[in-house]
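In what follows, a single structure is set out as structure tokens and then discussed.
Just so it is clear, A, B, C, D, E and F label the chains in written order, and each chain counts residues from 1 on its own.
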Amino acid sequence: MRSVTLERDIMMHPAGSCMVSFGNTRVICTATIENDVPPFLKESGKGWLTAEYGMLPGRTGGGRKRRDGIKKDGRSTEIQRLIGRSLRAAVDLTRLGPVTVFIDCDVFQADGGTRTASITGAWVALYDALAKLAEQQGQAGPEYYIKGQVAAVSVGIVNGQVVCDLDYEHDSGACVDMNVVKCGDNLVEVQGTGEQGTFSREELNQLLDAADRGIGEIYRIQRESLGI
Amino acid sequence: MRSVTLERDIMMHPAGSCMVSFGNTRVICTATIENDVPPFLKESGKGWLTAEYGMLPGRTGGGRKRRDGIKKDGRSTEIQRLIGRSLRAAVDLTRLGPVTVFIDCDVFQADGGTRTASITGAWVALYDALAKLAEQQGQAGPEYYIKGQVAAVSVGIVNGQVVCDLDYEHDSGACVDMNVVKCGDNLVEVQGTGEQGTFSREELNQLLDAADRGIGEIYRIQRESLGI
Amino acid sequence: MRSVTLERDIMMHPAGSCMVSFGNTRVICTATIENDVPPFLKESGKGWLTAEYGMLPGRTGGGRKRRDGIKKDGRSTEIQRLIGRSLRAAVDLTRLGPVTVFIDCDVFQADGGTRTASITGAWVALYDALAKLAEQQGQAGPEYYIKGQVAAVSVGIVNGQVVCDLDYEHDSGACVDMNVVKCGDNLVEVQGTGEQGTFSREELNQLLDAADRGIGEIYRIQRESLGI
Amino acid sequence: MRSVTLERDIMMHPAGSCMVSFGNTRVICTATIENDVPPFLKESGKGWLTAEYGMLPGRTGGGRKRRDGIKKDGRSTEIQRLIGRSLRAAVDLTRLGPVTVFIDCDVFQADGGTRTASITGAWVALYDALAKLAEQQGQAGPEYYIKGQVAAVSVGIVNGQVVCDLDYEHDSGACVDMNVVKCGDNLVEVQGTGEQGTFSREELNQLLDAADRGIGEIYRIQRESLGI
Amino acid sequence: MRSVTLERDIMMHPAGSCMVSFGNTRVICTATIENDVPPFLKESGKGWLTAEYGMLPGRTGGGRKRRDGIKKDGRSTEIQRLIGRSLRAAVDLTRLGPVTVFIDCDVFQADGGTRTASITGAWVALYDALAKLAEQQGQAGPEYYIKGQVAAVSVGIVNGQVVCDLDYEHDSGACVDMNVVKCGDNLVEVQGTGEQGTFSREELNQLLDAADRGIGEIYRIQRESLGI
Amino acid sequence: MRSVTLERDIMMHPAGSCMVSFGNTRVICTATIENDVPPFLKESGKGWLTAEYGMLPGRTGGGRKRRDGIKKDGRSTEIQRLIGRSLRAAVDLTRLGPVTVFIDCDVFQADGGTRTASITGAWVALYDALAKLAEQQGQAGPEYYIKGQVAAVSVGIVNGQVVCDLDYEHDSGACVDMNVVKCGDNLVEVQGTGEQGTFSREELNQLLDAADRGIGEIYRIQRESLGI
């Protein structure tokens, strides 16, 4: 697994912000809180959390990438929906009150695993933002809102070997690729895909075992970064 | 599991077409073949398969739905990417030659499971289209191009029970929801999500077992419909 | 004239639905009713009727057609405006109360005359939807809202002969092409166009005579289908 | 009928241009010629003619109108298609050679009948543009390309009376409204619509008679303006 | 400097309108007043002024220009923002009351300097529109709202010479190009750009001197046109 | 003037990159080089330079900002055009050969002066990118392509005082606001605007003097950062 680092409070204005690195993959994650909820939650007393995923044009080798224009491409849309679902699993929306947490993940540098790095960094930014919300709402701390620790890692089978946290080169060569998101000891999302080849139940189990180990280590780094 | 039916050759023009029903969910699936490939495959000799997912405005209760306008919503984009990947797993693209297979899945009536019904029906339309291609290209039959039988089913945990092929009511109440796509005996896609709750490895295994049984039955119905 | 058939109640959810066939041209027509009116009718007490026209990508020979994307093309926009005007002529909007009737016509298979088949089928779906509205509003029956029976047919001059209900081949070869919509004994819309040639008043009269005969026969088939 | 005037050569650059007035309705019409044809005519040797319809934001009373933004509304699209078809009827496309004539009609002031004024003025601009083309191509004059004189007028039934060339007030009160385009003695387009009421064959004939008289007078004014 | 002319009241409906010519550059300027303000001024009691810039497709030589489609290009956006800022400098927004003045500048013919002609003509249309507003609001005259006379001119360095009011040919050959807008004796906007070369402080001063002389002459023509 | 800092080589992939800070305003600037030119320069042998300006959603206080969607707003478009023109003044495009330099400026944190910080940082990224191009093309160094050093600063009149490098608070209170871009000792762009008040020639001269002093200091910091 590549080196995972988290640098908090990189921006002045968002309630929470961090730069997360999984090797050369680096993502700017922010959490901001607004006093409004989407129409379908008006009058419900519940809060909401939503995510957006962007990318800087100089993030990769092989030439500058075009900015998202008239519509996000399918891949970006999938990723931001995944980030949103994963972090909603971490939060007790009924305790938030009528606020919306916006998670923004902007890829600064891309080398595979941007979605799992985003989820991992966004949870740290979310923790800091909820600490500020707790102060405002007179609660003891962010734990009041948080149902569990959330982190994610990619796993895959490359040249017949199970690999954890695939970089771009691994990812391109993987015959099976799976993103695993956990909340505490349980799973939140499992997305395995075998476009270059199919996979058996046994291989699926090996991949899940590797993800368990990887996420355990990432959990530790998140807690260390937050001092909890 | 709900009753699954397949009605072939419902349209004159596409090389393959069928109406697939999973209970009250009904999807019009077509496969058409064009003598062209996307730019990234020019000169490669390989073929391609891509899918689009649409929905008729009168497909559901609770009022007419708006047509997809300026951009497909995130959910539709995810589904059509899933259908495309799943069926590409079934086809040997290097044997197709420089043609593109277009899969179109248009939801006629929606009651949960439209993506799994779409994949299941699209494989039947694809089989018929490849039979025509085989004739044109002087091959023995569609098996020349087909790497395996593909079908899909949704499984979930509803009120603590594992349920196979969730209708809309089940789907709304499920705390875990998983779509499983198989090709032959292996897995192609596993997409499990627990927005209303997380799930353990043991529950994941129970869900996969239920999907195995469901897809086995659907495989039988596909073969019966095709007379193979 | 080609064989005209009408199959009612093909979908569970819309208040009225039918599959209309004019020869190989087949259109899915639905009518749904919502408890709202457009802004310009708020506070007026009147209702509204509007129509949308779509097409399935596998509807024709000569290859798959692209889905309507960022904007409807001019032809589709014209057709849905024509369908809307034609059916509004059939309904007493002041009696509807503050509801909107949405007509959706989705071309399942295209072989000329999709707009006239759409209007013809949509009137049948509308009749069934208004029967349900009558029940809800405590009126005797759909006749309370309906000002007249509406049907449409295309007529044209092909190789010097007047033809009624042109299929695609006729349509391509016609030097004059006219769509006629009637409500009861009167005309609602006459749209004659002579891009490949102009036409005289006498020819116009022959076309209108042919349309009268064709619509008379279609009226009979509509009534038979509805049992009225 | 309102006073019809035509002022030619109002702009320096287009091959033909005129300001046409039907009473207070005023339209800037231009015809420009480019040495290219649309893809479907490449290699055919034939030319093409196409039209666009725009509107200045200060054209009407009742407040400024918004500019056409992301898409032309349905009405504008219908009108520009009508203008294009009507003027294509006037031109022998096989004699043009591989050029495209662009007709632009921009409404300067609107008081009913903008589409019929546009067609009438555009024919004059077209005549002047084809005179220049004839010079370039060494033909005797614009008559080499022109199949007939084209003009248009609206007719309607207002308070039970047949009216020719409806202004905005008439148009709003008309129970039947018909646009008639002629080329020489024949009809090119007849578009009658009875949204506020239906109409009989006899009424249709009265409307066509009125249009014949009106277009006869407009033909005279066009010829006078061109000095032919 | 080219001949500058102003023709007022060219349209019936806008509160003020004029055709402004700077040589062969001609722009249709209108000012309309609506009883509403943008959201950020609601409840403020202040009014607003905004501008839009459009172009007719036949405005230039070198072929027909495409209409602005899905988005205004960067140049048009810049110009309309400049027009708006320049004329807001001329108006006491707190005296207008809760109304919005819409300025529309549509280029009829383009030969360099369309933005400066637009500002110059728009001020005249604005003056006439504010005269009507004064009548409605019971004020003595347009001077009640107007803080100063506004006009604009372009200046540049062409072949080492300072030129005032550049036509298209000058503009293409200028190594420095500057647009100067004045309100009374003061400057409102100075936009100097040296893409084809840089410029010294001394050259800047020479350009500003030339603009002073040019705007002085244009002020005289504006007042003459308005009879003030 | 606020503290100006430049941190180079913050990203792996672009040929040049830096984070520029003007006080709390921070912008990520990158320069990438592609072996292609826009259509209007094909066959010319010349190169091109173009710029894009983006903003991270968490860049300001007062709540999260929405991402640029279907179209860039007018302000962003103006800024990126200004950045592009300013840096083109620094480069000898005829010496580049057929390559395009893409400048991307993404605002990380905004507190006034983002456009002048962008130009200043982009020149440093450009210098580094041209150093790499020089190596590839066998030239002595980046000076081969560079016509001059480019930097920018904003100046304004706040409460009657001339201020250099306005932060957001100053900017909101300025009655005159001017952006000055220099290349060597000369001016490239002067954009002065007085929406909240007009300004005299004398004030203009004071503003330009202040800009001269500020840019002199920024030039020094750029050279120090590059070690030249």
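Heads up, the rule we're going with is that a residue touches a chain if its C-beta (ideal position, glycine included) is under 8 Å from a C-beta of that chain, and two chains touch if they have at least 3 such contacts.
As the structure is a prediction and not an experimental result, all values here were calculated from the model.
More than half of the contact pairs of D-E, counted by residue number, reappear in one of C-D, A-B or B-C; that pair is B-C. Annotation: 28 Å between the Cα-based centres of chain E and chain F.
Per-chain Cα centroids separate chain D from chain F by 51 Å. Annotation for chain E: residues touching 2 or more other chains are 70.
If touching chains are joined by edges, the resulting network of the protein chains shown is one closed cycle, each chain touching exactly two neighbours.
The ring of touching chains, read from chain E in the direction of chain F, comes out as E, F, A, B, C, D.
Touching chain E in their complex are the following residues of chain D: 11-14, 17, 24, 28, 30, 32, 34, 52, 54, 56-61, 63-64, 67, 70, 102, 104, 106, 108-109. Partner chain D is touched in their complex by these residues of chain C: 70-71, 74, 77-78, 80-81, 85, 88-89, 148, 178, 182-195, 198-201, 204, 208.
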